[in-house]
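Structure first, commentary second.
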């Protein structure tokens, strides 16, 4: 047996699955997005009480924070947890595990084919509830949904990689009335196997997603082209990042930026006056606080190959810099150097941890 | 251990404890001899100390604890120096240790033994304002927290009755009614006498009514009355009547003329009492009947200014001989002569007599035992009074604290510290090497 | 269980940060005098009341303590000279913040208890524990949304 | 106090540009720190320059405040004071933040000349970057009228009472002055010396301006107390607090945009503040659940406890919030509350010590009240 | 552009190979341009690419990182890691259209004094052709 | 290594044995949730603090190879040191142990046994949890130098130097002026109770000059000082030349004395320079020279001595004025028995046991003492009102004023240099007024004589001796000091250099490193109160053995 079909919409099915896990005592708690029915506000709940799942909104097109990052603060887990993550969140978690910032033991990962999420500023409005039904309809039909984030529309990794449980939503027209739950691992079969529903040996068929993948790819190319429309090189970079206010919110919400104290905020980036005087003498003018662009380029060097394109950095940018798109673009190039896909496989070592003796001969 | 590595400190009050701790820090073995079953001295009878109104226990308890826990200090309670032999640097001090009837090493201070004791007597440490059993600690929080048996009142020890209640109550077998007094000889290089002082006996001045009227109190009586760990748990009520006083007179300079000196601290504690009274009884009227105000420390005036007028009315009393405390039926009447010599009277409920500090009652005996001199007033005499204020008339014996004369806590501590300095220098000079070095120096 | 019963059965959880030199000693004194003291309080010994910072108190509060007691030497009596004066100011800030947010500032209390005040210690703890009992549980304890 | 009346050919901005240029040319100052529009014309950045020619591009009265000026000054002088005399053109709230940071040793003001002006408010950052050209236009018309349009500026600007003369070195009076004139007022010895070195005589009577300022101030004070009371009322209790921060995503942008939050790493981002996985799960079990991003409310209340005493109500926190939480209104409310407790006003005076760095044995009244309250209750119980 | 343009090239050299190579160039009296400003590190792997980026953004016209030949690292494998990191740096530059030619990695062993001089000469020429680092004039960086 | 925690419950006889259900405690502990990866070994014993108990516990630690130890017994104030001793003996770092007070905090105060047992279990669990977060700390021994610097060559400074100088301890005596002895060197006599004549001062000067272990630096002032008890590095600078002396000393004694306040600055005493009004020191000078005379050279026939000048303004009694005014009255009487001497006083302050005698003696000399409630001066005419009387006026040939003593002029600068506090009156502040009167807030810096408050010669000397006592105890030649272990430390990465901690530290234990731009705790000076921690918003501080992690464990357990 490798799948269970429930006779309800996919979002409802996930809640039923979670309820089963909690009520049967298979897990101690579940980590899942919730929506406050009174205010419409979202959060991500670590829920230990079955009643708490009534407000769960496991697959709503919202990303408040990267669940992978939150999950890593809950692991290593001494007692078992189930977690609902978007594919990018799961990949982020895997990247974090590789950096010893979390552990997979005792965690049941539940993910789904993702239709993308809306930017935060749209989510906080009261009218957001109205958007959701239409969203699921269009997602089910394999459309690239308007109004979702740039990076989501351009995301080709919407099929979960290595989730214990996969729920079929995007590009699955049946998801509005049926919930297909694929059990990919022994752990999944052990914990979820008892769930009442139509069992089968079907496995998730990536073929159904090809159309959506193609649509996303086209969006991606469009997006990459649109970045820095008037300039290239330094001018282009300044054009995009020039209005950065240096809040470093992008770094803080980034699931990959796991440093406790970002080097760019550390003492090594305090300059004394002779430095500024020298700079001033050379340029006649300099920006304060310094290192505005440097921060972004530096961050790209440090982590772009692990970027999972979750898009939070753009979401939190107070001046609307397309940080995520830029990182996605750069990340594709840096990861490609090593045939690396962030979060694909926990066993796959970070490219900077390993090397091949014969490579990059062109460099030196 | 050679003589000069060991020091006997007599008296475990603030000065004696400070001196002991310092000597222990300096690597000396200290024998701290105290007549009471507990250490701490007069300071721990006070709830708060002037001028900063700090909690005395908070100040002193860490010191007490450190003394008791120091491996270099042997604390000998219920003990007294009997005699001293030998001379400079080579004393043999004979100490008589009265039986405690409770083994300090076995007792954990749980207090299970007091309950069943059938005897109840006035607690002298509480200035007889409360009661205690025949097996007792003077007050809650006493250190060492180990009871002693008062053999005078214990039914068994006084031979009145066969009673084993406390022995049976103790789970640790710590009560030992067969305990015996013992005499020990201590080899010591030097002795510090820090036995403190006594209080002028107010009943010797019948016009003040002490002992006659329950509303007349001595300073320590009042301190215990005020103390939150005292017999009334800090409630100020007049003995016998239980009445909360509404008007209180504090009379300064009691015994000054008789003793022939100003004690230098009574004004301050009188003002402190005024502060105490106002704090607990905000509606009460407090009068200070004073003559010369003596507030000799840099910080004292401020304290005085802080209570003057607000906490107490200051009334000038020009003649102690003419002051008279009598009953007015419901309470007390104080008649006195004001600054112009006119007779005035006030009605009060309570009178506190600020009495002079006098030599400790054991001072004479101790002076004889140690072979040291006392001054005309009965305090221990120091060589060249004033210039070198800690050396007694006998080489190797030093005086600290109020045993030398009336003074405040600060001065007592200063004297104790000075005494330690002198003791260390003295012991250094007693070392055979030092003698040799000196001889060599002389040769050269 | 009715609401009333629930109320009656509520045993508050109070965390008390006691300074080593005064209040902890007072607690010892209260203990050795066998005064009855509410089991609601859990004592945490710190060297000085000034060690207790805003974050420690906030964490304690948001972790669900029904009451928090900070107790140290009386002003002027600090073993370290002036620590409690600073503690007092920090306490005032936090108290004001809680007040401004309507977060039941009465759940936070500063008390001065000296080493000789065993009775006062018992009174302070018991009174505070009664007060908290009357206030009921820290509302955060019923909420899964924090 | 007297000032110098300046007539401008090129608007108020021109007055300042002109002044700065002169200051550099006369070598009365070595460099200036002013906002300059970014090349993409979508924001402003702080530029330190010694080149008078560059000042043509400067926007000394920038419509928006992407980076708090005190932060720019901090990056320049955190490690100490150089020899170059720098004129920094900053809003009053930026000056006040700089004063606070100076007390915290994060800014060294010895060689900095703070030039401030009557502030008509700042356009919210997100509004500005959303529509830079329109915002410029709107701001310019406000500037011309020398009047704040509340709908166009940040909410805290509309209720700001410290919009004029603060602890700067030189002040430029604008409010209530006719036409294109501005009043240059020396406000410290340093400021006076600079004007003298530049040969600017200050002999003009400024009472008219002062009257206009105090009139507006009174108006604002009234508005402010009402607005803050409203904010306070909305916050009450766990419900209020939760509602206020329900959308918080835990990005801590408010903290990093805050000029006062000077910690290298916020305590709440640090290892020490992290709870271990087992403890989190325990809490979840005890309460039925917990919400993530974690400790959001704790973060905000903690920050209130830590920095509200120095908060200058500049509104940067709201500007930086990606989910439009009115952080600044809330902190402004809290700041007024805590600062009043210590009779303190953030940034009022460089010489005034920080409340938590000192104490009084007999505390100031409000602190006394807070502490006294607790003590009396106990005694009453006894 | 100024004809007299003499570039400034920050050369960060591993102390076991490249720096010794540079020394050798010196002791062999081999001429190489003054544009090279040599800095010594223990191993090329000590160099976080962010440091190279900083050099670039601070206006260094060229940035040269020198280490032992692959396989020769004094610390066994340091330079393999260096190489990967450098590749990432280059890729970032390339993607953003920045002049990645201003960054150069070179393996120079202790005995390759002539190679060092050669690299220095060639690289200087190359940078000369590219002209000044544009970041020198960008105040908004 | 897997943690193995020994948990020992002391029965304390019935005190814990009967108030707490120990078997239930022992049963519960191994079943505690969340400690699956820790080995818990709970046991109980009759009386752990007894010799048998200590021996048992030490053996248990060694035999079981515990990594941590929890003792559930009584107050740490009673027996913490006992069990620390046991840990040390058994080779377990004592900072990996914790005592849990289940007697005072459970057994004795919770009268319901079940509830008390629950509470005890909670405390023990908290202890187990906490010890796992504790880390080893090690005592350090620091080398010291026993040498001492004395600043001020007056009587107090000289006495301190003489009391300390020996073959193994050098004393450096820095005196600002060109001669030793201070003000007292000019006194014609001391008070009778001081036992000896004024020549004692001269003798002291000679003794200092002749002492080979004392090095006197005249015309010299302190320029800088850094360090702590046992290890100060000081620089002395000549005030006439540029000579600098670098010294290493273990302690610094401040003996800079006092200054007489200017009586003319007080209300009611605004006299002209030409008036026959003098200060007590001027009289001492005259008496020691040609004799006390008016400006005309004539001897005064009548003299008024006025006490308490400036007392009101200064806010303190200067302690010695009543006595020395009587001494001065004696000078006049000795010069001519016919001189009419009147002393105007408010309250006679005679705090020493021998003072009354002196007063009585003075009365016997025929000195007229007038107790006044108000007084004013106009030229040499004194307007006053006696207590209980009306206003009067008396004319005198000469008036002598007992002006309040105040801190000497360089007090504030010196305090700034040494970073020690002054009290509200401007004198140096004691570490503790009552229990530590000669020390300052900085360990190793002492204050003696009148620089600490108004003092006479003998009291100053006594303070000097007290300081000598302190230093002898703390700095033994060849000895070492063991600083507090549970100190604060600053984590460099998080420190912003705002220096808040510096300001709140009462011990000068934190200094600022300009190079690094961070605050640094001097562990040899820190006493471990944690005030710096409470003041740091960045969490850059860590209070060893009271870290946040450790306290958070306690909090979490308290709320379980």
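Which chain is which? They are A, B, C, D, E and F, in the order written, and residues in each are numbered from 1.
As a working rule, a residue touches a chain if its C-beta (ideal position, glycine included) is under 8 Å from a C-beta of that chain, and two chains touch if they have at least 3 such contacts.
Keep in mind it's a predicted model, so treat the numbers as computed, not measured.
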item: Steps needed, at minimum, to go from chain C to chain F via contacts; value: 1
item: Labels of chains that are neighbours to chain B and to chain D; value: C, F
item: Chain pair, B-F or A-E, that carries the greater number of C-beta contacts; value: B-F
item: Separation of chain A from chain D, taking each centre as the mean of its C-alpha atoms, in whole Å; value: 35
item: Chain B and chain E, separation of their C-alpha mean positions in angstrom; value: 83
item: Chain centre separation (chain D, chain F; CA means) in Å; value: 44
item: Multi-chain contact residues (two or more partners), chain A; value: 36, 43, 45, 47, 49, 52, 78, 238, 242, 261, 266-267, 270, 284-287, 292
item: For chain F, residues contacting two or more additional chains; value: 34, 77-78, 432, 493-494, 504, 517, 535, 537, 539, 548, 552, 556
item: Multi-chain contact residues (two or more partners), chain B; value: 52, 54, 59, 109, 145
item: Each pair of chains that touches, named by its two labels; value: A-C, A-D, A-E, A-F, B-C, B-F, C-D, C-F, D-E, D-F
item: List of chain B residues in touch with chain C within their complex; value: 47, 52-59, 61-62, 109, 111, 140-141, 145, 227-229, 233-234
item: Chain D residues within the chain C interface of the complex; value: 232, 235-238, 240-242, 267, 273, 283-284, 286-291, 295, 297-298, 301-302, 304-306, 308-309, 333-334, 337-338, 341-342, 355-356, 359-361, 363, 366-367, 370-371, 374-375, 377-378, 381-382
item: Contacting residues of chain C [partner chain B, same complex]; value: 21-22, 25, 29, 32-34, 73-74, 76-77, 79, 114-120
item: Of chain E, residues touching chain D in the complex; value: 139-140
item: Footprint of chain A on chain C - complex, ascending; value: 144-145
